[in-house]
Structures are given as structure tokens and as C-alpha cells.
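Below is one structure, written out as C-alpha cells; comments come after it.
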Amino acid sequence: MQYRRLGRSGLQVSELSLGSWVTYHNQVDTKGATEMLAAAFDAGVNFFDNAEVYAQGESEVVMGQAFKALKWNRLDYIVSSKFFWGLTRESNTTVNRKDTLNRKYLMQAVDGSLKRLGLDFIDLIYCHRPDPHTPIEETVRAMSDIITQGKALYWGTSEWSAADIRAAWEIAERHHLHKPVMEQPQYNLFHRKRVEQEYARLYEDTGLGLTTWSPLASGLLTGKYRDGVPAGSRASLESMGWMREQLQDRAKNAAVGQLAGIADELGCSLAQLAIAWINRNPRVSTVILGASQASQLHDNLGALAVTPKLTPEIVARIDAITQPLAS
Amino acid sequence: MQYRRLGRSGLQVSELSLGSWVTYHNQVDTKGATEMLAAAFDAGVNFFDNAEVYAQGESEVVMGQAFKALKWNRLDYIVSSKFFWGLTRESNTTVNRKDTLNRKYLMQAVDGSLKRLGLDFIDLIYCHRPDPHTPIEETVRAMSDIITQGKALYWGTSEWSAADIRAAWEIAERHHLHKPVMEQPQYNLFHRKRVEQEYARLYEDTGLGLTTWSPLASGLLTGKYRDGVPAGSRASLESMGWMREQLQDRAKNAAVGQLAGIADELGCSLAQLAIAWINRNPRVSTVILGASQASQLHDNLGALAVTPKLTPEIVARIDAITQPLAS
Amino acid sequence: MQYRRLGRSGLQVSELSLGSWVTYHNQVDTKGATEMLAAAFDAGVNFFDNAEVYAQGESEVVMGQAFKALKWNRLDYIVSSKFFWGLTRESNTTVNRKDTLNRKYLMQAVDGSLKRLGLDFIDLIYCHRPDPHTPIEETVRAMSDIITQGKALYWGTSEWSAADIRAAWEIAERHHLHKPVMEQPQYNLFHRKRVEQEYARLYEDTGLGLTTWSPLASGLLTGKYRDGVPAGSRASLESMGWMREQLQDRAKNAAVGQLAGIADELGCSLAQLAIAWINRNPRVSTVILGASQASQLHDNLGALAVTPKLTPEIVARIDAITQPLAS
Amino acid sequence: MQYRRLGRSGLQVSELSLGSWVTYHNQVDTKGATEMLAAAFDAGVNFFDNAEVYAQGESEVVMGQAFKALKWNRLDYIVSSKFFWGLTRESNTTVNRKDTLNRKYLMQAVDGSLKRLGLDFIDLIYCHRPDPHTPIEETVRAMSDIITQGKALYWGTSEWSAADIRAAWEIAERHHLHKPVMEQPQYNLFHRKRVEQEYARLYEDTGLGLTTWSPLASGLLTGKYRDGVPAGSRASLESMGWMREQLQDRAKNAAVGQLAGIADELGCSLAQLAIAWINRNPRVSTVILGASQASQLHDNLGALAVTPKLTPEIVARIDAITQPLAS
């Protein structure tokens, strides 16, 4: 495993990292999470991504229990949380607790996450989505104040527009506050424009780092939807109906079929190919893997061996197949 | 109940809110306050207005006991306090404790409020009146420091001139401090100029939000003083003599009579008409109701159904009746 | 007793205040100090001046014990301390503890004073003298940081040059720090130039307030040295030899004789005349009295009745007598 | 012993100071360290240099135990620590714990040092080396935040380039943060260019102070390597092989031979001559001695008597011998 700076910051994150594993209907319990964390850590993963909203806070509880059991030295791992959607189960109202980045929500949300995680501080905190109803200055000041209070070390955004990220950075610079350091965008072979075009100037101008999510496009890039939705897959679940259509997209599944040929040539799995392609982008600080099983995690980590095989010629073939279909 | 942003801030306050219920000679005890808070909360009210001076601190004590009994999630309600007049009963002197916004008073006053309310932080803190004897910079810095210390989330003013509010905002901007977010002015059919004219430029320039008080002009707009001061009314109390004259103002009570006709047309009470008219102004973030009885609160909340009925033609008729008499 | 703003700040200090009473060889014990504090407080005095160096910390210990016994409300009194000379008895070295305003000394000194005084914060902290060996910026930042930490409310200087006070004010303004608010200079009929000439522009430009010391010029203005040094007086003490010469200054004692005539005309004591003359200067926020006996305190407080009698004509006569001799 | 300001700061450090004594394979235990500290302190030394990396944290543990035993007043001594290399024994990974000045490492490292030293604050904290992989702004902000949190009093650098020191100073000035105060460079007769040339403008422009290390060039300047590596010396140790070559440099040992003649003339040891020569440079705030035995410490402190003997003529002779060989 190699490590990269989180954008222009001095923090080193593992190229591949682990996240979100308890998000899907609690497929993973504390014991399973602890084993998976241990396996990832042993493989060199040092960044474990989380969010308040994952499993409505339960993801943080489980991760916190795992940390307690694993007794790692606190310097050796990086934890994140993200704030925006709030915990809606614990209240009948959504006012000031859902879809917001106002000061009241942020100051209270971080305290809740610290408690659930059982930690004194969170390494990375994110604004999980943009909130058009809160001035960016209010959000910047709250995130910066959380860092000043010692409750977090770095802050960033997730799925913000380049314009909003730049606004946040400039406001922080002007008022001498802690500036945003990283963004967590979706990034994979079929979802590329934001990372490759919209953010282009930010890397140099503000030193933006990326922690990317959905490397396999919700599983589409594993090839398992090429012949329809298999029983037991995520897309077969009633609650995931909204996702089913795009996972069965004919053109994309056909493209995946072509990618499979390249994966065969390289002697790797489709997932490994897809992850290696992201890892190859030097703007990406870390690729967050979403594995829910140890076997899946091990397969995904195998992508590290594939990255060096991605010659310009191979990349050109991959791009020719996927770029026309990518958003 | 709908929610509005507190000015340009990201905080959402209910259109109607509840305040001051223990201000009038302790008409309401903790049990009564708890019931009223619960009723308001169930109706969607999320902002509960208070001040150090209300019943000389007892209003905060009662509200704190009610909060303890109600066990609401702290994210779901917004509490305020205000500082200026001080607690004069607890001392023989008024120096540095009355009519001041100096640093010594403010830093100690907020600690007292937190203790009486039994809270870790107050959502909104106000400078209850302007203090011409303290530099605005001293006050701005103290209010901002209280927020930095985590004892409050947002700060604002009450009954300040537009010039002073702007001065405070500019000083905070220049020194990178927390800026004032809201103002609490008197606003009703007979008291309009400050909100509609004096503050006009502040809404756009500084994003000022309003939490308005005295929607019924001390009861004048309920119509109960049309035939003199009824026994048992607030104005009948010895200590309220100063208020009696204006409540018996002939021209205003005649205007109230005309408004009663409009209320009848709309099938609502006079109080509901008066509240709905304030609620209709998009510059008003929330109308603070001053109910001391549950029945009164329920009647007032009925104003929400009246607001949509205030067509431009109806508003023109209301304005024709009241504007000539309004300060 | 009347109250004045401490310069342009919003803090109200009593025109006359009490200080230093345990500085002279522990003439006053805790019981005596408590009685004197109580008497002063009852007369309206709200400012009690102290310093780390007075009786090598014992003055703070005694005052702290008196506060504990008196149980005043913390809003109703103002306490000061001052830092520069350090506590030299507790160590064999003077390095970083004597004649310094460096960060190490200041940060530790304030903690010691808080402990001795038994308080959570000190209202006013002073740099007791200028320190040419520490950059003003280092001192400004330390004093401001102490306020930000909540350990003090306002800071100022004592016996600093106008140039240094202005430098401190400008550095604080530029770096958005807490600015100095007051200066504690010697000021009496025979020591006037700094207050009246050197600081002249600072009052308007920075809002400087004054808490003045030595109103009686070490007793010279009481007239008791007109016929030599009386047995038992301060100047008769061996350790006060350095002071004896100036207290026996012939020209000054002759001038005091002339002032005695004016005091007789006004029906007041010489001390009252001298104090009233200082009190008359609107630039003076408070005159710190140095009484060691209750009777002396009561006499000095009588100056308040004399101030209104100081007509322009009387003042002209006083000035004609003293100004030629004043430094 | 005399004291000098640490650069332009107000902190007074002893001309000679003591450091690192547990760095060499734990030659000194707590009892020995306590005795040495006591001897140095009695001789007037008030600065005790340390670093996280010395003996992998054990140096701080030992010094903390010695402080506890010695019960000095906290004002009377100055302790340092330095951060960069991290504690590598306590973990299998070096990521974010070695060769870094990122925020995560620094914030956690200072807490570890405080705990090992058993102190509430460290007087001086250093960036032990430059980290080209962390933006200077991130490091400046973290160091400044540590001071704001009260965990340290002053911060500086060790072995940074003039350009980086200036960048750090300017960033701190622009963002109103605590500026770096001192640098800890190697400085001795054979290693001079950085202190004498590279930093030349910094002394005036930023007030940089110096705490210099390696006064004897790892022992070369004691003359003990003139006839090869003696058994039992540091250079004879297997792990110090990298140092052996330069300690046996022929030209330098020949120069040391010539210096011995000057030392004889002055009636002092070679070590004393070398230390006195550094002490003579007014840009040097303090010379850190690396003694591991009491006798050695006493010999080194004898340099203070030699400094006055370094006439311009003597210095010219010393420079003629060493400057051509100096880096």
C-alpha cells in the first residue's frame, strides 16, 4: 500500500481506504466490522470513512466499538464523519436537523459523532452536501470553529460545486479561518466530469484533495448486472428500486462486457480494473472502497497490483469504451 | 406550521413562536409553563423566547425546569436570552449590572442565564437595548467571544437603530468576529416604521432577520379595550398605569373596531388578523406570541390559517385603517 | 459616590477607589482589610486595586480572604492586579520573574494572582511598568490571550509612555486583539505632566481611561511633613529613607502651607483638597486612595463633597501655588 | 552565568544550557539526570533542551521525573521539545508519525510530550526539521494553535532554511498567528555558514533567536579523535559508524591540533575554547551543551570564563585555522 497527501495538506492517506460498510441495512455487525477493519489495517489501509447518516448513527457506533477492541495507536488511523442529512429517527421533526449546514446543527452533530465513535477528535469532517439555505460563511465559520475547539483536524466538502468550494476557501482565507482541504466526490468510469473538468482549477489554486466514493458505480462495474438483476444483490432489494434502472442500463452493461475483455488480458477482475483506473489519477488522494465482506475487500485491494499495468494504451482503450457513456 | 430562515442565517425558526409567558407577575407557574411549551411544540413552534430580565430571572428558571421535564432533543428547539437591564433585585447597586452592554456585565450575565436555564448553550443571545455608554466594539467583541466560547450560537440586537446595527455588523466584519444575525423589534399594525423603513437596507446588506414582539400592541389589537379597561385585564393593574392611556387611545380603538369588521369577513378573531398581517411580511422570521393561557395560544396559532386569506385588496383595506395611526 | 466610565470602555468605576492597603509592611491584616473593604463598599467604592508585587503576593491573599468573607455579588465589584516586578521571595533567581512582561512570566503570573485572590477572573490587569526588553507585540498578545482565556476582562498599563501605549493600541488593532483600555499613572498636584501633557492625544485617539495613584504624593500633600518627619510616619522608617528627602522638600512643603489656607477657606482637610482636585479632572476615571486606617479612608472619601466647591477661581489659585513645582 | 533574550522575544535564557543527555543509548538514568540538572541549575542554567525523538520519548520521561524530584518553581526553568521524527517504536507504521509536520502529528505529539514530561505546558516547541511535504501554512497554524491552547509558550524551528523560516514568519504575520521566535541550528567552528551567512537578514527582519547544538562537532573539537578513534568513545560504537569518517577527517583534526595551542595559551581546554567562541557571537541566545557526565558539564561551563579572553586577535587566529574547513 502506498500513501498520498490529502491534496496539498500534509496528511498521508492510504491509496485505498475503507468506508460505509454498515450502510446497507446493517449487513455487518461489530464483530464483522472489527475483522474487516483489522484486515484492511493489516493491508495498510489507514483511512476509515464514516458519516453521521450512515445507518442513522449506527455505523459510527459500530466503528467506535471496533476501534475500542482494536486498540490501535491514534496516530496510525484516520477517521472521518460527515454532516448534512442528520439523524431523523430520533425526532419527529426535520427542522434544523436534516439537509442543513447551519451552525446549530453542525456544532451539535459533531458532538454526537464524537460520542458515538468514542473518540476525542475526528480527523476529517465533511459537509456531506451543499446547503443552499445556509450562507457559506456560516458553514465555514462553524467548521473552522470545530477545528479550533480541537474536535476535528481538517475539514472539507462532499459533492459541492467548484464554485461553492472556492467560495468557502476564499471566505476562510479572508477571515483567517481554517480552510477546506478535501472534497469527497463520486468518481468512477461512468461518473467523471466533476473530478476531471469542474474541479480542474481547484487542484492548483486551493490544493484540493479528493477522497472518492462509488468506485464500482454501485456494483455496475463488477459486471454482475450484465444479465439482469441477480437474486440477493443489492439492486434486488425492494428499497433499492430507484437504483435498479440505472444498474440495468444496456449501453453501460455492454461497455462493462468490453471492459471484461481488458480485465482478462490483465489477469484481474473487473472491480480491480475499475479501482485501478481511479487510483491511477494523481488528483485522487484515496479511493474509498465499500466492501461488506472480507473476500470482497481482499479482491478490491488487489487493484493495487493492477495500477502499474495501466499503460497509456490500455487507458486509451478503457476510455474509448466508457467516456461516451460517462456523466 | 412553516419555518423560515432567521434572516440570511441557516437557522430555521417557526413562523410563530412563544415568549415571555412568565413576565407578567408570574401568572404562569412551572406546571403551566410546561403544558404551554408542550402545546406550542406539538403545534410546531420551535423557538422559545426569553430574557434575563423577565421576572428577574425567574422566567429562565421556569423555562429551564420545563425543558428538563419535557426532555426534548436539544436540536429540536431554539432558546433565546437577552441582556441589558440586569438583575436588580439581587443587589443594592445598579452599577455595571443595569442598562449596560459592557464586557463585565455580558460575560457574567450569560453564565447566569445558562445556569438558570440548565443548558450548555443558548441558541440566540440578544443585546436587549442599545447602550450609548459602551463602545459598540466592546459589545460586539463580548458577544462574539461568548459564541467562540460555545455558550451561544448566534447573536443579535433588540430595538437598536439601523445605524447601530450596521456599525456592529461592520466592526465584526472588519475584525473577523461573529456578526450579528437578528434584531428583535416591536412590530404590529400600530408600530411599523422601524421595520418597514428604518431597517429597509439592512435586510439585503447584512441579511438581518427579525423576531418581532408585541404583535397585539399590548392587547389593544384584541379589541378588549374598545369599551374601556375591563376589570382583571393587564391594564387594570396598578403597576401598569403607564400603559393604560395608550390602550385607551380613542382613534386606535376606533380603528380596531373597523378591523373587527374585516376579521368577521375572514371568519377569524381580531388577534388572528393582527398576527397574520405580521406573518405576511417576508422580512419577519418569526412572530413571538405572548400568550399566558393555553386557550389564548391556540387562538393565536389560528392566525396561520388566516395569512393565506390576506389578499392584496384586504391588506390595502387594513393599511388604510391603521397606517395613519401607526408609529 | 458617582461612577465614571473607565475611559471609553463601558465599565463604570467609582470616582474614588481603594488600593494597596497592605503594601506597607503589613499594617493591615485580613480582619482590618475586610472592615475597610466593607466600609469603602458601603460608601459606594466598587474598584479595589491590587498587584502581584504588593507585599509579595500577600496583598492578594488578604484581599481574597476579605472577598470570601464579604460574599459580595461578583458583578458589583471590580478587582485589579498588575504584573511586572514578580514575586522575588519565592526564588533565588530573578530571571523571567522580575522586571519583565514576557509571555512566560505573564501567563504564569496571572494564574498565581487568580489563585491568591480566589477568583475565576480579574476585572482589570495591568502591565505594572514598561519592559524595554520585551517587544510590545509579545506583551500585547499575552495580555489579549489572557482576556480570550476568560481570566481577565480588560487590560491596561501603568506608567507607560504615551508612545508605548499608542504602539500597544495600534498593534492590537492591526492584529484584531483586545486593545489596552486604561493606564495607571501617578497623578497629584506635584506630578502632573504625563497626565496633562504627554497623554493628551491618547484620550481622544484611543479612549484611554486613567486610574490614578499617589493622590497625596506619599503624604506630602497632607501637610504632615511641613515641620520635618514626624516619628512613626512612613518616612521615618529606615527602609523608606529614599523617600525622606523628597518628602522634606522645602519649596513643596511651603506650597502645602499655602494650600492649607485654601483648605481652611473651603472647610476641608488638605488631603480632601488634593483628592478633590484630581477628581475634578474629567480624564481621571478613578482616584485610587491608599488608606491604611478606616478614619483615613473616611476623611479621604469626604473629598467628594469638596469637588463641587472647586470653582475656576479656586483652581487658578491652587495651580498658581503648585504648578511651578510640579513634575 | 549571564542571560540573553531569545532573539527579539522577552524570554531570558542562560548563555549555556543543557540538552539531550539521554540521547546516547541511555547513558544517563533518572538519578544521574536529576543530579546533572541540579548541578546545571545551581550553576545558573535555566534552559533544558529536549525532543520527542531523543531516546524515543524516554528522554522526556527521565527529565519529567527529574523535574518532579527537583520541585523547582515553574517560572525558573525553560523546557523545550521538538517534533518531526516521531516515535517509531510504538507502531509498525511510520505514516503520519515520522518525518512530518502535519497537523495530525503535531497536535497529538505535543500531548504525548506533555504527558511524558508531566507538565502543563512546554516553554519552547520546535519543528525539529523542515517537512517539504506539508505546507508551511499548515505547520504554522498548528504550532500557533498549540500556543493558543496554552500547551506551549513560544515556537520555532530547527535546521530550517532561511527562506522557510521567513515564509513561516510572514504567513503568521498575515494571518495574525503566533510567529516563530527561534531556530535551533548546528553551530560550531567547523559548521558556520548557515548561522553567519544564510540567516543574516533574519536577525534584524524577524528578530530570530538561536539555540545552537553540537558546539563540539560531535566531540571532534575536544581533540579526542586526533589520534584515531579511542575505544569506548561514541564513534567506536557500531551504530555510529556513519559518524566515524568525519570524526577522523585529517585536515580538521590537524586544525584541532593548532587550536590546542591557543587553548594552552589561554589556559583552557579545547572544549572550553570551542564553546566560548560560540558564546561570543551575539546572535546566539544560548549554546546547548550535550554533557553526559557531571565532570564534562563542569568543564564545559568553564567556557564562560574564557569568552572574555577572546580578543579580536585571538579570534582572528582561530578563524584563520578553522574557517577554510568550515561548512
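Order of writing sets the labels: A, B, C and D. Residues in every chain begin at 1.
Here is the rule we use: contacts are C-beta pairs under 8 Å (C-beta built on N, C-alpha and C of every residue); 3 or more make two chains touch, one makes a residue touch a chain.
If you want to know which protein each chain is, UniProt gives these names: A, B, C, D = Aldo/keto reductase.
Being a predicted model, the structure only gives us computed values, none of them experimental.
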Check every other chain and keep only those touching both subunit B (Aldo/keto reductase) and subunit C (Aldo/keto reductase); list them. none
Check the residue numbers that subunit A (Aldo/keto reductase) and subunit D (Aldo/keto reductase) use where they touch, and answer same if over half are used by both copies, otherwise different. different
Rounded Å distance, subunit B (Aldo/keto reductase) centre to subunit D (Aldo/keto reductase) centre (Cα mean): 63
List the centre-to-centre spacing of subunit C (Aldo/keto reductase) and subunit D (Aldo/keto reductase) in whole Å, with centres computed as mean CA coordinates. 44
What are the residue numbers in subunit D (Aldo/keto reductase) that touch two or more other chains? 176
So which chains end up touching which? A-B, A-D, B-C, C-D
In the complex, subunit C (Aldo/keto reductase) touches subunit B (Aldo/keto reductase) at residues 3, 5, 8-12, 14, 44, 46, 73-76, 78, 121, 123, 148, 150, 153-154, 176, 178, 207
Within their complex, subunit D (Aldo/keto reductase) touches subunit A (Aldo/keto reductase) through residues 86, 90-91, 93, 95-97, 100-105, 107-108, 131, 133-135, 138-139, 141, 145, 149, 175-177
